[in-house]
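Handing you this structure, nothing more for now.
Just so it is clear, A, B, C and D label the chains in written order, and each chain counts residues from 1 on its own.
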Amino acid sequence: MAKENPKTCETEFSVRDYELDSQGVVNNATYQNYLEHARHEFLKSIGLNFNELHRKGTDAVVHKVELEYKRALLGDEKFVIQTWAEQQGNVRFIFHQNIYKLPDREPVLIGKVTGVFMNNGRAIRPPKEVVDALT
Amino acid sequence: MAKENPKTCETEFSVRDYELDSQGVVNNATYQNYLEHARHEFLKSIGLNFNELHRKGTDAVVHKVELEYKRALLGDEKFVIQTWAEQQGNVRFIFHQNIYKLPDREPVLIGKVTGVFMNNGRAIRPPKEVVDALT
Amino acid sequence: MAKENPKTCETEFSVRDYELDSQGVVNNATYQNYLEHARHEFLKSIGLNFNELHRKGTDAVVHKVELEYKRALLGDEKFVIQTWAEQQGNVRFIFHQNIYKLPDREPVLIGKVTGVFMNNGRAIRPPKEVVDALT
Amino acid sequence: MAKENPKTCETEFSVRDYELDSQGVVNNATYQNYLEHARHEFLKSIGLNFNELHRKGTDAVVHKVELEYKRALLGDEKFVIQTWAEQQGNVRFIFHQNIYKLPDREPVLIGKVTGVFMNNGRAIRPPKEVVDALT
């Protein structure tokens, strides 16, 4: 498993009943909602405003998602998502995002989300301020 | 119950398993997703392009939603939504939207969605082309 | 507007970006998810365990939803839902649920959710412990 | 890319406006909803009833999801999901699920979903009828 780094951000959640499916567990797709919210909180925590980057013409786009499910979350359970970033080559970033049930930090999901920076529809080397902030 | 009119549009759906909640029935909120999709299909059926109206500065905004639940929908069930519109005063439209289970057309939900037309943040009398098309 | 009572429960939320639709505002259906979560938090706050009631054969079922939208919520906004209950006749309860944007408490949505207690598919007078706890 | 097989199932969808996010494209998590629905349609197409297997004590559980996003889907676009299965070792199945935009079949997403069969919480070799039907 990839090593977290000093900028690792932790975001806490509670399962809401409408996120459960007919098996009484959090639906598999819902974890991607959780991860997206945690990535945006991570970005805020390192001072990046992607809406502002967007207005300057730079967008971060999800290219690949790899999720390994370790344990289902049930109603009322609390959990934390750890998020940190790692540069990969010139144009890609990997967001490592692991979910742990609280309070015992039992692993729930090991996630890797690869993002690409785009400008006018083409993959670009991300601006230096972004590279510096992310890693 | 309000009387449907000649422009009534019928949109068919099947329940998808991810729409079920932990009671094994379609979650109450999901019906509003169904109704929104059926309203947009209704608008297309009468030749209205609300994205185009939006570009001209006119927006339709949901002001009130009244839903009466008659019977829960289960996994794999098929249903139809009937949608038609009725003008109310100068600035409002009521969308009547009823859901019936198929094939027996057993009532599932009786819905009334009130919309207001807005221009630059103020309620306006909707354009004549809209009034003519809707009713 | 109905008057709140001493058991009124307040639940705080933040808008998550995946809850926004293509207009950049919280989708109309998403408010019903918020309200469901706030009702369940309200029930916990008054010591009611509806899963336990369910195991004893009593279910609370949503019969009617009336929502008046006052103002759209945008990305990153914080809000609070006030929930309280009122008995209506022998078999129904009304859950009053109002949403206010924080920190200024500007009204976002005025909601009324009518629930019925069911036992083996028939509406029943709710158990005394439930009536006493709710109001 | 893995080769499809004779049991490949095609399921057609249209994007619904409530599935779009604030960028005006289908939200990344929504693709997992689409894939789940297409897997269940695939299972029906080969005569498997997983609810029935569940009642006999055998469950299929998602263990890993790998998604490569090729192109965003926009409002009103139509698409098809191709689903087929491949056995992997004794206890796992890979569901290959690719999404193509219609009518030009431009690739949208290349997906691999690994499932495990469980009985009373332990991974098991799936029943012979399941193995025979899936591949």
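The rule is simple: a residue touches a chain if its C-beta (ideal position, glycine included) is under 8 Å from a C-beta of that chain, and two chains touch if they have at least 3 such contacts.
Only a predicted model underlies this, so the values are computations on that prediction, with no experimental measurement involved.
When every chain is reduced to the mean of its CA atoms, the largest separation from subunit B belongs to A.
The interface holding more C-beta pairs in contact, when C-D is weighed against B-C, is B-C. If you average the Cα atoms of subunit B and of subunit D, the two centres end up 30 Å apart. Between subunit B and subunit C, the centres computed from C-alpha atoms are 23 Å apart. Look at where the CA atoms of subunit C average out and do the same for subunit D: the two points lie 35 Å apart. Among the residues of subunit C, those in touch with two or more other chains are 17-18, 27, 29, 33, 36. Across the complex, subunit B meets subunit A through its residues 17-18, 20-24, 27, 29, 75.
Residues of subunit B that touch subunit C in their complex: 27-30, 32-33, 36, 61-69. Considering their complex, residues 16-18, 33, 36-37, 40 of subunit D touch subunit B.
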